[in-house]
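Both complexes shown next keep subunit A, but they swap its partner, so subunit B is in the first and subunit C is in the second.
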Partner chain A sequence: MATKPTRREVLSLFRSLMRTAREFTDYNIREYTKRRTVDAFRHNRKLSDPAEVAAAFADGKSQLGVAKRQAVVYSLYAPSIKSVMEM
Partner chain B sequence: MSAGSLHYREFVQFQLKLCSCLFLVLMAINEYAVRNRMKSVKNIQKITKAMKMVAASKLRAIQTKAENSRGLWQPFTALLGDLPSVEVKKNVVVTISSDKGLCGGINSTAVKTSRGLHKLNFGGPETECKYVILGEKAKAQLIRDSKKDIELSMTELQKNPLNYSQVAMLADDILKNVEYDALRIVYSKFESVVSFIPSVSTVLSPEVVEREAEAGGKLAELDLYEVEGGEAKSEVLQNLTEFQFSCVMFNAVLENACSEQGARMSAMDSSSRNAGEMLDRLTLTYNRFEVNGKRLVYLDNAATSQKPAAVVDALRNYYELYNSNVHRGIHYLSAKATDEYELARQKVSNFINASESREIVFTRNATEAINLVAYSWGLSNLKEGDEVILTIAEHHSAIVPWQFVAQKTGAVLKFVNLGEDEVPDVEKLREMISKRAKLVVVHHVSNVLASVLPIDQVVSWAHDVGAKVLVDACQSVPHMVVDVRSLDADFLVASSHKMCGPTGIGFLYGKSELLSSMPPFLGGGEMIADVYLDHSTYAELPSKFEAGTPAIGEAIGLGTAIDYLSAIGMQKIYEYEVELANYLYDRLSSVPSVRVYGPKPSRSVTRAALCSFNVEGVHPTDIATFLDQQHGVAIRSGHHCAQPLHRYLGVNSSARASLHFYNTKEDVDDFISSLSDTINFFASFK
Partner chain C sequence: MASALRSAILRHIRVPVTNSLSLSGSAVRSMSSHGDDHLDKQAVIDRVIHVVKSFPKVDPSKVTPDVHFQKDLGLDSLDTVEIVMALEEEFKLEIPDKEADKIDSCHLAIEYIHNHPIAN
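Moving on to the complex of A and B:
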């Protein structure tokens, strides 16, 4: 049973997710990661039960892990042509 | 293997999450797509304009010919008449149209008229009606539904310029191959450049003419003519009608060609106009610039301002039209560039009300100007024990050069702290100005606190003890009227990029006797008079301090920016910004958990239109990032080049929103609502 994360940890998770989003070479996934993070944090803001908060935090941490690994995998196969949204 | 499959599973999960959220994506108007569309519409507009010109010139060529050819068939009409109502059995409709398209609706009108004529029953059920078609367009339209009725069709008439022999051959062709009682020629008669009437001319066959003449009626008078020579009346009539046909055809073809060109002219003109309207609409969309899918709200004007189109045009004009080095050449381009450059200097001088333009020295920016004063005046006028008075709210560029000078000369830097209303303590400053003070370095408007210092009082105190005053006017010159003579400042620095001018240029104002006594700062070309191997003599002001090729285009851009601001009126700008500043301060301080730095605005205290603030529990960088990415609001976070001030206030960094005269209350409202949303978001991280 995980303990409730402190405010610092939550903030740190948010910032890490945004920084990991920057590393994606694909414009769509980058924007998606940023959007999804903000939406998820907004959605979970009202949670008060410590167990729920801890569960959401753990979920966020695992997603951070996924994002970090996927950033590396995607960069291996980065297309040379930039998306039109980035011009 | 297992690691690979783990990756794959995560990959798929990630992709699924992506797809599920992708339909929620709001496609922002991509400025790239709009820019492309604008380029293509502009090209189309160029093409249609060119086509209009070509059509106009072709029209001029044929118009006289067409009008002259009208005289050809008029005697025939007088003699043989134009009688469309005569009942005949075999009708032939000769439709004249153009080969090329894009000529308005004249071809469709001609085809419509031909079809109408075809449907009309000319007396009795045994009548038949055939088509003879001239021109590709009518052929294309009529071949669809009336293929069996088309007797003959000819295209590519206008390959060579139209002349009578060509038309005569055509007429011959038609007369030989087509059986007819009446020929009805459909063409667009050229009334004027904008009006083309579909007309029908009827030519009757000789037998019908004879029949009509005998029957009486309109052609009865024909009998009155005596026929001379050996030919019979019918032969003469045949020749006459054939000739009539060819003349009418000639005229009809010419009229149609004129109408074609005229119609093309108006069609191309209206499409150029449509393209122009489309471009206007696209430019409007493009200018409502979007950042991250939201309308951009630019609140970082204390860092740099946005430039009006006039300034960008001035820069481009310089580089395109009269790019040349100044003060060095005799030729026209150089003379023009020099004139514009010196005119810009004069404009700056007028803007701050200096007594003459040679008191203005162009530098790269205000920082370089302060360094100029430090290295040139400071190193030669300060000695051990002399004091330089500064405030802790100065910009780094007003502190660090004096630290160098202090190290080199042994002078002492003394700093004035803030008073209780978070403004540099003016009374303390007065006390500090003693006999030992040689220089007072003060900002006019603080870029963090938004406070305005009473420069005229500071200058009078300093001059009482014989000290000089350097005024850092970077945040004041763009926003209010600055008069160096009424302030009586010894030195004043400002940068162009904060006052709607280009980056890369700033200026130093110095009293001429002061600047003349200072040794040069940078050495090189332009600032010398004579150069020998072991020594050189220096040029007069202001060239003495402007070594090397200056930023000519940028100086001219600064001149244009000054014209732009003066046209609006600095007093008006100041009054508007005071209003905006109060509005921003009121709204910002009403947001809970926001702490604004600087004095509170009141009847005696005016703030500049900027607010540095901190939010309890949220880092300013987080605020700025969130505002930028989620709301398209651009503010600045950091120490704003005022670390000593932040240390005094007890913070590492702050966020700052700064306005200029082109910001509106709507921008402030946007900013406040976005800020509230940001604070709510981060506050939920409990």
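Moving on to the complex of A and C:
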């Protein structure tokens, strides 16, 4: 079973997710990733049971893997026209 | 005979090189693409304040160059990370995790960015 992650590890995971969000070329996915990580971390803020914290952390790590792979795949098919929100 | 012809032709074709660009003793790199290494401190302060004020959870009237994110603005560590990310985007920097963990007030952010050679 995974041990409870330290505060630094949690913040590092948060930062990695935000950095990965920046790599998306699609405005919508980028904003969604940022919004979702903020919401998820805030929702789990008050967890105190070590098993629950470890489970949430592991879930976050797998989501980070998903996001990183998707960033690569999305970049292969990036449209050349920017979204209107970015102008 | 061919070599004499060749050297005669080359004498006409070869462009004489002059040493007109000598910067003897001068320490200024006039062709350097870095230009001014550091941003103007006041400009850095203004931009950092602007980024912090734009953060939705922050009360803009409380923001000063010395404000502490968690103690004065009532933010938590997740918000601090978000603000540091926003500053990274504003100044086009990549702040390593170790340094980013130390930035917990406007003052430290301004110091770090001002001392960073690539900040833009």
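Everything below uses one rule, namely that the second predicted complex is superposed on the first by the 87 of 87 C-alpha atoms of A that agree within 3 Å, B and C clash if a C-alpha of one lies under 4 Å from a C-alpha of the other, contacts with A are read in each partner's own complex, and residues count from 1 in each chain.
We adopt the following convention: a residue touches a chain if its C-beta (ideal position, glycine included) is under 8 Å from a C-beta of that chain, and two chains touch if they have at least 3 such contacts.
For clarity, every value in this text was computed on a predicted model and none was experimentally measured.
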Touched partner set for A:Ala51, first subunit B, second subunit C, both or neither: neither
Touched partner set for A:Arg22, first subunit B, second subunit C, both or neither: second
First, second, both or neither for A:Phe14, with subunit B first and subunit C second: both
Which superposed partner A:Arg35 touches (first subunit B, second subunit C, both, neither): first
Comparing the two partners subunit B and subunit C, which touches a greater set of residues in subunit A: B
Partner chain in contact with A:Gln70 - subunit B first, subunit C second, else both or neither: first
On subunit A, the residue positions that both subunit B and subunit C contact, one per complex: 7, 11, 14-15, 18, 38, 41-42, 45
Subunit A to subunit B touching residues, read off their complex: 7, 10-11, 14-15, 18, 28-29, 31-32, 34-36, 38, 41-42, 45-46, 66, 69-70, 73, 84-85, 87
Subunit B residues touching subunit A - in the complex, by the definition given at the top: 7, 10-11, 13-14, 17-18, 21-22, 25, 30, 32-33, 617, 622, 625, 629-630, 680-682, 684-686
Subunit A partner contacts - residues on subunit C that touch it in the complex: 76-78, 81-82, 85, 89, 97, 100-101
Subunit A - residues contacting subunit C, complex: 7-8, 11-12, 14-15, 18-19, 22, 38, 41-42, 45
